[in-house]
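Heads up, the next two complexes both have chain A, just with different partners, chain B and then chain C.
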Partner chain A sequence: MREEITYGTVAGYGLTRKSTIWETLTSERYFKWTLLIPLIILLGIFMVYPLLYCAYYSFHQWGMRGDALYVGAQNYRQLLNDKAFLESLYQTFKVLIICIVCELLIGLGLALLWSREFRGENVVRGLALLPLLVAPLILSLLWNFMFEYDFGAVNIVLQSLGLNKIYWWSPERALYSICFITIWQWFPFATFVLVAGLRSLPKDVFEAARVDGASPWYTFRRLTLPMLSPLIMIVVVLRTMWLIRLFDPLYGTTRGGVQTELLDWMVYRTAFIYFDIGYGSTMAIFSLVLTMAICAIMFRILMKALGGTK
Partner chain B sequence: MKRNEIRWIIGIAMVVVFSFGLVFSGFAQEKFGLKNIPEIKNKKAINMMVETGAAWDKVIEYIKQFETATGVKVNIERVASPVVYSKENVELMAGTGYYDVVYVETSWTCEWSDYLFNLEELAAQYDPNGVAGFQEDIQNISPVLLRCGQAYGEQKVLPFYTYHMGMFIRQDVYDDPTEQANFKAKYGYDLKPPATEKELYDQAEFFTRKKGELLKGQPLEHDLYGVAMMAGAYQINDEISCRIWGKGGDYATVVRNEDGSLKEFVITAKDKEILKEALTEYKNLLKFAPAGCLTANFDFACAQQGEGYAIIQPHQFASLFTWTADLLKQHVPDGRLGVYPTIGGQPYTGAWSLGVAKASKNPEAAYWLVRYISSYELQKVLMKEGGQFSARMDLLLDPEFHTPETEYPLGLTCSYLVDVWKNQAPYVDNYWYFNTRAGGKVYEMQMNALHKPMADQVTIDECVQEVVAKTIELTSKFDTVPIREE
Partner chain C sequence: MGRFGKIIFWIITLSVLFIIVAPLAWIYLTAFKSPNDIFTTDVKKLVFFKFTSENFQRLFREFPFWPNFVNTIIISTTSTLVVLAISALAAYSFARWNTGRGHLLFTTISTRMFPGVVAAIPFFVLYRNLGLLDTRFGLTLLHIYFNTSFATFLLYGFFKEIPEELEQAAMIDGYSRVDIFRKIVMPLVRPGLAVTAVFCLVWSWNEFLFSFLFTRVAARPVTVLISSFWGSIEVQYGPMAAGAAIAILPTLVIAWFMQRYIIRGLTFGAVKG
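Let's look at the complex of A and B:
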């Protein structure tokens, strides 16, 4: 809706004219929409539409041939009784917990070490970033070879140290090997976020604690950790979202075999190998809702943590 | 006319007839190649997808010659083989015509038959020599692979390289008198390439040895395994196919009407029993295989044998024989491989092939490109420079591949393929994979399902149940031919 602009008055009459489109778009009233609308359109096309499309097909049976057959909630009922799906959900949670705990512990430990100034710090930090710069699929292929039983570099090193070879891809260990690859790639992310956090902490509080004779452990527990908690929560929320969608390490290694079928691999297999679009969509919607629920809970905890540091 | 003149005339006539005969027989033997492609009227660019890898690096150079000769641009998209199916499937089903030339694994032929031209139809339309010219050229292709490229009697695709399987053994070990004597003493019969499951089991057991034990009279520097297999969730189904076909079974039995058309698919009690037996025997063999076999694909299995860690690959893609032999030569200089049919003599078969999409914007150029890539001329490039095994028997029998220098390992594999195709040809028509539109989907399902019992994720009985249930589910969804369990 165009605004009318008044320029002044001549003999009691206001000199007004319609504003130009540009003036309207950049006016204080509409400027926020001018900035938001392109994004909303893009989100609508690339996120909301596919999401609705996916939700629609989750109530249908369709294999990309002929018309989709409406089946009501049958796909959802099938999902909740699908042993393989529930197993993959359990495995996904296992990976989620193992990876987040390990990445945080390693990340925090290294962040505490690296937050101080030391010689060659830039080189060390640069090197630590390397795993993040490699494509996850390439990385998983490399680890697949390195973990090979007879020829793998890891077992060759173990043998040269007089230790026994380990069967890294056995059904008992394969999931943990996947976790290892993921942690190896992503611990620098936690490290750098926490290093940034540690460097921004107020120094006077720590100085006061030192003067009061607080032990390093007490200082860490009662000052450092609470003040870092918002950043820790950010790492946890982001990694949760990414880990629920974990796919590349499986593609380059077990391809879902040796008891490593995770949620996203199952969605991929159902939707893009069997082309069972209906059931695959149901899985995808379930995965989305699950991610949103977990992240919402974590977000609340994050907000509380942020409130606590004010 | 004098008698002498008559003699002269007859003599000249005979020479003329003989010369014509020679000339025409020369023409008949001339192989189809780039120069035989007529002018292509439709100049629209065509798109195709090919696999990544060294073989196609070479072929692409020759496709450029096709572009120059015909004036048709060929846009090539290179992808890794595991994504070929999903990318093409979407485009074919949506009818976009994005891929004019379709890259097809033969077990997908029936599934995509609605979207692919009958190549004879295109030959009739575009080939100056018509269907006869097309037939004359393709008669040189393996009958097994040609059949795999047919759907409901129509030739939909032409194979260009084969991954027909075989059994690789360490021939030098089998020929060693000490090993032969020890084997005979232990098992009571001669050591020879295994022809039965029992022989395979005995030999796998016999050759499984610890570091320090002897092989051919020499102490081993590392553990030795009887077999190397591909039990990962990727190629295990190809190995199981060798086993069930070899036992006279299949994933489902093809039942035909009197006129030869498809009536139904039945998963018979015999099929289930054979599948169970095949899985049990396979799992039993795993105890003689390297631990890494549970996640292994072809590369790991070949490396095991090529680096001297394993004696037998009971089922491996024959196209990998030369590579494995070269590896062995590097690691075990006096080592030598032999290639034989898998147990039961019906190895997994198939080929990467090319067809023309019905939605293509330029079927004429696409047809000629398919013909060109499957021609003797280009297949020779693929084989000599790209290291892939051609689907053409005339090429596999080319004397160039059977000289004393080329006979091992190249010529040996060529001879193996030609022989095994002859023996297997009568059976291919009824292999279930090549009669159902659900072949591609079921194949992918099997990769995962057949791997599970090997990783102790499910029992063999549970695996059989899952495979049967999923086969019925997917076939009912994607094929119009009814399927049932007996």
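Let's look at the complex of A and C:
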């Protein structure tokens, strides 16, 4: 009997102690931070650790075996004189600009076409959005097959139309073929963001412009485009984020060959094919700083654009 | 729009749809072709050919398609559940209290811009030492990492839509913060959770870089298997198309039924399409 009471008290004591910690965690003051604990732990592990790791090894020479050799800033010096690396940087920006410009132009054209509600709209939208959620890797394998020289569907159709077959993966064309695949998958994205934008524009302003006798081109340039600009910015920012890290379409097609080596592929090749962790880390750090700089600017613009739509 | 305008409208619309849908249909056509019909140069045979399930039979017999498919399912569902738990808490905190005054939210979202290869190098070495390479657990962890920022940002938008007055009213009724979150906020944000979950599932389903670098045999997801058909000694177009046909089917179905939410999801909640 006596024992039982003691046991009960201890357990009860334990409970109250626990609840004070719980009370602190859920108190008005700390609750907002408590909610963030899992996220902060996750970010700590998956962001801070790789960052410190890469920063450390970027000053070393290490091939995954044996001891790392401290080499100072030699990796960085090598990087800035590395023709292949600078070339990949140039190619990445080329892809970035080609894809974003094409997606926006196609998207704007189609958005203007589809901006008014029409019958069959749900079917059109449903079909047009299909490629967006399909794995980019699988789509690149698909296009690789369709662009095959001898028995690819595209060349067979071209030939049956009496045109010449095209060697899609030649060194001059391969990069553009990859751009094409990406644009093909993503132009519906730009299109429907802009459709959403066009549909939310205030009607009375356009009515007024029409009454005042403004030409369609003038209305488009002076009214539609400026009012759409926050949405155009959203497309540019998000596409930059994704395109700067383009990797999957390369794996499915050229695997970095025929002058299509982009930034992330370069890092991948150095670190995971040549196992040059030191130099790979240097590239990774460089690519990270570059991405962060671009994205910090982009994020500012995006936040402003978001303020514009709400 | 006059009659002429309407005709032009539908000609353009239908050709655009053809350009989008034809390549996807091509996967399904190729999947049911015999090798002879795959390697044909006859334009008629592109569409008219004898149906065969040979490619599917080869895929199931000669390649570990189903085990890899199961890997994909396990990895994507587990990672999605964990991601939802972590990001729902965090997104609520960001939406209600603007915790960290935007800096923390920016840090979170910037992991999405983090080059995957930067994380891949240290984790490859770490995983090798811990014996986590080629395990579903290891890959799931990485998928949790790359989806959390996206989910947090998307959910942030959904939490923002819940009026604060509701919570204040509940506080007057004597609800604690935890009760408010569990009994009032969570039920209201359920549609948002569903949308976020579907997107996380899709990203994890499609993810390639980490899957490809961190798995070999045991934990290999289906995307990596399909990529392996191209580039070995000969290109296995038949099984590749058959595998792709099955692997992309869930994402196509999701895209069709989620069409109202795709733009919202892809713009991190910024544009309500």
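Note that in this section the second predicted complex is superposed on the first by the 268 of 310 C-alpha atoms of A that agree within 3 Å, B and C clash if a C-alpha of one lies under 4 Å from a C-alpha of the other, contacts with A are read in each partner's own complex, and residues count from 1 in each chain.
Note that in this section a residue touches a chain if its C-beta (ideal position, glycine included) is under 8 Å from a C-beta of that chain, and two chains touch if they have at least 3 such contacts.
Computed from a predicted model, the values in this text were never measured in an experiment.
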{"item": "First (chain B), second (chain C), both or neither touched by A:Phe272", "value": "both"}
{"item": "Touched partner set for A:Val157, first chain B, second chain C, both or neither", "value": "second"}
{"item": "Greater residue coverage of chain A in the superposed arrangement, chain B or chain C", "value": "C"}
{"item": "First, second, both or neither for A:Leu130, with chain B first and chain C second", "value": "second"}
{"item": "Partner chain(s) touched by A:Tyr167 [first = chain B, second = chain C, both, neither]", "value": "first"}
{"item": "Partner chain in contact with A:Arg255 - chain B first, chain C second, else both or neither", "value": "both"}
{"item": "Touched partner set for A:Gly63, first chain B, second chain C, both or neither", "value": "first"}
{"item": "First, second, both or neither for A:Tyr149, with chain B first and chain C second", "value": "first"}
{"item": "Contacts of A:Val193 with chain B and chain C, given as first, second, both or neither", "value": "second"}
{"item": "Common interface residues of chain A - those touching chain B in one complex and chain C in the other", "value": "64, 144, 150-151, 255, 272"}
{"item": "Touching residues on chain C, where the partner in the complex is chain A", "value": "9, 12-13, 16-17, 19-21, 23-24, 26-27, 30, 38-43, 46, 85-87, 89-90, 92-93, 96-97, 99-100, 104, 106-125, 142, 144-145, 148, 152, 176-178, 202, 205-206, 208-209, 212-213, 223, 226-227, 229-231, 237, 240-241, 244, 247-248, 251-252, 254-256, 258-259, 262-263, 266-268, 270-273"}
{"item": "Complex contact set, residues of chain A against chain C", "value": "26, 28, 31-33, 35-36, 38-39, 42-43, 45-47, 49-51, 53-54, 57, 64, 110, 113-114, 118, 122, 124-139, 141-146, 150-151, 153, 156-157, 159-160, 184, 188-189, 192-193, 195-197, 231, 234, 238, 241, 244-245, 247-248, 251-252, 255, 263-264, 267-268, 271-272, 277, 280-281, 284-285, 287-288, 291-292, 295-296, 299, 302, 305-306, 309"}
{"item": "Residues of chain A touching chain B in the complex", "value": "63-65, 144, 148-151, 167, 169-171, 174, 253-259, 261, 269, 272-276"}
{"item": "Complex contact set, residues of chain B against chain A", "value": "85-86, 89-90, 93, 222, 232-234, 290-292, 294-295, 300, 303-304, 307, 309, 441, 444-445, 447-448, 451-452, 455-457, 474, 477-478"}
